[in-house]
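The data blocks that follow each hold one structure.
In what follows, chain A forms one complex with chain B and a second complex with chain C.
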Partner chain A sequence: MVKFMARRFLNYLILVIVATSLGYLLAAVSLNPRSNFEGRNPAPPKSSVDAKLDALNLNDETPVLTRFKTWAGGVVHGDFGKSIDNQPVSSEMWRRMGVSLRLLLVGSVLGGFFGIALGTISAIKQYSAVDYGATLGSFVLLAIPVFLLAVLLKVAALNINKWAGTPIFYYTGEFTPGLQGSWWDHTWDRFQHFILPTLSLVLGQIAFYGLYQRNAMLDVLGSDFIRTAQAKGLRRRTAIIRHGLRLALIPMATFFAYEFGLLLTGATFTEKIFGWHGMGEWFIDSVTKNDVNAVATVTMFAAVLVLVAGMMADLAVAILDPRVRSS
Partner chain B sequence: MTEDVGVSRGRLVLRRFRRRRIALFGLVAIVFLVLFAFLGPSLSKWNYSQKDYNAFLQPPSAQHWFGTTQIGADVYAQTLRGLQKSLVIGFLTAIISTGLAAIVGAAAGYYGGWTDRVLMWFVDLLLVLPSFLIIAILSPTFQGKTWLLFVVLLAGFSWMITARIVRGLTLSLKEREFVRAAEFMGVSSRTILFRHLLPNMSSILIIDATINVGGAILAETGLSYFGFGVQPPDVSLGTLIADGTKSALTYPWLFVFCGGLLILTVLAVSLVGDGLRDAVDPNSESSRL
Partner chain C sequence: MTGLITTSTDGQTSVPAPVLEIADLRVSFPSEAGTVEAVRGLSYAVSAGEVLGIVGESGSGKSVSALAIMGLLPDRARVEGSIRFGGRELAGLGDKALTDIRGSGIAMVFQDPLSALTPVYTVGSQIAEAIRAHHTDTSRAAAADRAVDLLKLVGIPNPAVRAKSFPHEFSGGMRQRVMIAMAIANDPDVILADEPTTALDVTIQAQILEVFHTAQEATGAAIVMITHDLGVVAGFADRVMVMYAGRAVETGTVEDAFYRSRMPYTLGLLGALPRPDLETREPLTPVEGNPPSLVGLPPGCPFAPRCPLKIDVCETVEPPLAPTAVPGHQTACHRSGFLEDGDLKAGDVFPVPAALPPALAGVPREQRPVVLEVTDLVRTYPLTTGSIFRRTIGEVRAVDGISFDVREGETLGLVGESGCGKTTTINEIMSLATPSAGTIKVLGQETGSLDRKQRRKIRRQLGLVFQDPNASLDPRLPIGDILGEGMKAYGVPVAERRSRVSELLTLVGLGPEHVNRYPAEFSGGQRQRIGIARALSLEPRLVVLDEPVSALDVSIRAGVVNLLEDLRARLGLSYVFVAHDLSVVRHIADRVAVMYLGRIVELGTVADVFDAPAHPYTQALLSAVPVPDPRQERARKRILLEGDLPSPSEVPTGCRFRSRCPLYATLLEDHQARCRDDDPVLTPQGPDHTAACHWPEARTVF
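On to the complex of A and B.
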């Protein structure tokens, strides 16, 4: 088991290194930081532009591999280079990482939990009103991209706030700046800011996991071993939960690894639209600002997160499926 | 099973598909959307690039069916133009990416060994890098060039999961007698791939292409929303939604029509895909509606 996980880890580690390098190289070739400095009025002399670019390791006249070597050499020591505004990328990264991780963690945990619950109930009560409602609802939710859902949520929140006469939901930022009050007031304020962005991510996740869990569960429910378990005296509920659910969860673990990349993309929209200063927002802003080092750093963050999700999925499969452990 | 004996497979699939009312609804919706997108513009006298300088930010009226924008453009004409582009990009991307997935997956599964290892490692690598990030990074390289480049990129980063499915199918198909027989008769491996393996999974490929249309449209609109996809003067549903979002509360007509059409399009495509899957494989008991 340890050996199996170690091998998987090594495989993922190489993937992350290659993915990050690819991210840096693509960004360095595609983005044009020179235009940030040249576009000023009056036009600065070329030598001063070059000097500025050289200081940031962004000069496109330096061979791309040399630039990459400088950047990669820094990354090994925890230095991700300078952003285009001459700020260290790493300090910005640490600040923003927490924001994104909070959103992603809550998104995947709540989405996974409620999705699996919904899918299981749908499958057990197949062809009931609950099943039809949940399945159709999931299809509709999956057809709504995050950036549309976010706006719809905002409109709904605005109407609820108007109806209540007092702001219940907030939709900009993570908290009210300069809020005075007790610890409880601050927590409540954060919660009010938290609901809409989280919903914009979680609803799609619930729909996704719900549909797949329903399929997996339906496959399992018809199998002989559930009947055997009942025949030997287990109640149907116990048979389904102890023997059925466990088996149906195995494919879900694999889906989790795939879905995490999409969740990451969705979080980018959520952060940008609700004004959360996380990694996704940073990525969008950095691409528009030609900030190569920051873009490469976010790419690495994404690759590491997909790696962690993949490892967790492998671990879950190994725990749920004894055949994997022994092989 | 009430199906009579001697019914051809295609007819059987058609009959099962017709039985799913909701999938049929999806199909009707797609036909309607395509007709609307390509014939609808000729119904109105306004062109998508025309400006009405007597009507800025007007709500829907008899003159402008979907209202007008800040600069007096007709929202009806623009929305249909955007729908056209999103539909074309969605279908093209899905066809290219499914084709690519079929070739890569079948080659990996059939040849095995190092081909398999290298191709699957490549698939893993692309799955680690979210396609949204790569295409956004590459967006400056196709700005000012044809939107077909954008389609190629979208397709180039969306074939991986289908390729894995195809590889799995190939692994089981290549042990079958007809493949063995062809091998012993000295048929070249390329012919076996294209004449024996891929046609035998055509139904799966068609279903996946259908489902990929929805994913492609979502990816396109998402990238265009941030300005990383379709570039002005071209419009897609994504750029229209991005423009309309700022005023979704005050001028809802800038947002409601393009947003609604996007949801309807993706929903219709996924319902058809799901219905097809059930019709081809009735045992799958997938998310049947």
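On to the complex of A and C.
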């Protein structure tokens, strides 16, 4: 088992290295940091621009592979280079990572849990009002892009706040700057800020997992072993939960893990719209600022998320399915 | 559950009250075509310790009626009638009330042990779950201990360890043992067994039937054995009920049904069955036609369209199940009196088709040309490990040095348990590639030496018929295209192709008017006929048949077997016939090769191998074949093999059958040493009969 996981880890590590390298190289050849400095008025002399770019390891006159070697050498020692504003990328990264992970973790866990619950109920009560409602709702949610959903949520929150006469939901930032009060006030304030962006992520996730889980569950419901479980004296519901759900969860574990890794893309809009300064927002901003090192770092973050998620998926599948464990 | 009023040990003096009594059971399903009446008024009763065999072909309603008793049919099924268990009415009970009876009063064993166990729980825990479902006060540890006891009872070696294994770590036979252990965990009064041995090899089937005997001794339960195999019923059941189109058409003691059958359908089934124990060269008596659709059944006897004895009343009035002259023997037939008076047998009722003499019947074997010659054929597969960097850690010898030849106009049967290398052998022949070792000569040409053009030329001399006619015909192509495809590939002109397709359809008993229909419009038997026609489209000289009739129902099977014999005689074909049904092989083959773990252990004429098998494996294999004759079947003593076929990657030293050999166990130590150290080779046992055993001793097993 340990050997199996170690082997999987190695696989993912290779994937991370390849993804990050390609990310860096793509950013380095397509972004043009020189324009940031040349565009100033009066135009600075070329030598001073070169000196600045060299200091940041962004000079397009240095061969790209040499620049990559310098950057990669730093990464190995935990140094992700300097941002275009001459700030260390790593400190920015750690701060923003916390913001993103708060959103992503809670969004994925809640989305996964409620999605699986909804899908399971839909499948057991196939062709009932609950099933039709859940399926229709899921399709509607999946059809709405995240940015539209976020805006709709914002509008709804605005109306609720107006109706309540007092702000219940906040939709900008992670907390109210300069808020005075007890620990409880701060937590409550953060929570009020937290609801809407999380909801914008969770709703889509519930729809996504719900539909998959419904299918996975329906596949399992007709199985002979559910019939066997009933034949030995288990109630239908018990047989389904105990013998069916676990099997239906096996494919879901993989979905769940990779969705978590890829949720970063969806979170970009959420972060932007709700003013959360996370990785997604950073990525967009860095691209517009021609910030090669930051873009490469975000790419690496996404790749590492996939690595962690993939490891978790493998572990979950191995726990759920003994057939995988033995081979 | 103690619903029994009396359980008398001698059934002769006082009739024990039935534990399970079904009266006028009707099950229907809504479908797009209309209401499917799957069970149409079924009544029967079983008493404790009794075995009732329910025989019928697919769609006869035998499994549906069992599931109706358990209340396990899907919600859309409509169930009517009475199901009384221990005096209590089960029909109409809800899931909760039925839950108390399922598993504890009535237990069920399903057909496919591969899918009937939950793959993610250990077998021990699944049995313990059954115990705790009905005895909530039993502790987990006590239930686990009892599960181990039960596994021991059903013959799982090393039960304490095996209880912690998962279903995928068991073979099919072992899984079916687990299913039986689970069924008897709560000491049920009735065990419903739905085709429990159909998916298993014949040697394993014999073991499992033994386990059922053990289970019955331990529980005293009534067993309802649902099967399509009359041979299983002959030896195992006390009473038998034959079902057709959702109803019982004949019921009585096994002897009544087999020796004094008074219903043409039962006679037809018996006549359609090849006998493993008799040398008969006459064609089987097929029952023409197909079972009726259960949607909108016309009035009258549902068997009437296929019945040679039908009279006018058969088409208007459906006969009820009525007593015959023998008490307890009932038939649903207007003509049972007629059958009674003449004591007619299958051959008297059904027309026996005339057999053509084989094309080369007069020519002795040695003088006929060799069509296929296989010499020391070896096929190995690498055993690999690692996911990124694959490396070979060994090899599996799926076929390990086999030699045989097939001469013109003859049929070689290739038999053995699953995993013995039969399929690998025919794949090697069909691929026309260079084997891992050894040679294959098709029509005198060595396959290893062929270039592309020659290989293509040889290829059209080979035909192949697959096991499953549903899977082997492209559902999107009309029959004409399916049959013409091979000719098209060889550049046969369109006009010629068309006439040949018509000719082929007529040849296999279909009509040229079928040319534009799709496979879905044909029944299973007809589809297999199409498969045969396709194999013959390029006029091959050798046809390889991979289990060609095992997916077909008994009454249909006989017609296809007759067709194959007829075609061989008419076209002078040679067959390699792979099958696990030894009765069919005895009927159709001239010579037979028995395979075990990649080797041929016995090879000879059918008469020699079946009547005087010399190798202990052949003896055990044939001994496991049930004979559809109750008296004979009961008098037989089976040679039961221990355990399963070993994995081809762990072949025992010396004689590879040693680990399961019943003879080896009885040998003296110095004789055993020879089996351990020397790998036996095929040695002559007669003019055309060889066996690979150090201590061969011919014996009769039927």
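The working rule: the second predicted complex is superposed on the first by the 323 of 327 C-alpha atoms of A that agree within 3 Å, B and C clash if a C-alpha of one lies under 4 Å from a C-alpha of the other, contacts with A are read in each partner's own complex, and residues count from 1 in each chain.
Everything below uses one rule, namely that contacts are C-beta pairs under 8 Å (C-beta built on N, C-alpha and C of every residue); 3 or more make two chains touch, one makes a residue touch a chain.
Computed from a prediction, not measured in an experiment: that's the story for all the values here.
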| said: I'd like to know which partner A:46 touches here: chain B for first, chain C for second, both or neither. | reply: neither
| field | Touched partner set for A:69, first chain B, second chain C, both or neither | value | neither
| field | Residues of chain A touched, compared between chain B and chain C (which is higher) | value | B
| Just chain B (first), just chain C (second), both, or neither: which does A:287 touch? | first
| query | What is the contact status of A:211 with respect to chain B (first) and chain C (second): first, second, both, or neither? | reply | first
| task | Look at A:7 in the shared chain and tell me whether it touches chain B only, chain C only, both, or neither; answer first, second, both or neither. | result | second
| task | Identify the partner contact of A:26: answer first if only chain B is touched, second if only chain C is, both if each is, neither if none is. | result | first
| query | After lining up the shared chain so the two structures overlap, which partner does A:219 touch, if you call chain B first and chain C second: first, second, both or neither? | reply | first
| query | Is A:16 touching the first partner chain B, the second partner chain C, both, or neither of them? | reply | first
| said: Shared contact residues on chain A, chain B side and chain C side combined as an intersection? | reply: 11
| request: Quick one: which bits of chain A touch chain B in the complex? Just the residue numbers, please. | output: 11-12, 15-16, 18-19, 22-23, 26-27, 29-32, 132, 135-136, 138-140, 142-148, 151, 154-155, 158, 211, 214-215, 218-219, 222, 258, 261-262, 264-265, 268-269, 272-273, 283-284, 287-288, 295, 298-299, 302-303, 306-307, 310
| query | So in the complex, which bits of chain A are touching chain C? | reply | 7, 10-11, 223-225, 227-236, 242-243, 246-247, 320-323, 326
| task | Show which residues of chain B lie in contact with chain A when the two form their complex. | result | 22, 124-125, 127-134, 136-141, 161, 214, 218, 221-222, 225-228, 241-242, 245, 248-249, 255, 259, 262-267, 270-271, 274, 284-289
| request: Give every residue of chain C touching chain A within the complex, in rising order. | output: 70, 72, 95-96, 99-100, 102-104, 107-108, 110, 112, 115-122, 129-130, 133-134, 166, 168-169, 179, 182-183, 185-186, 387-388
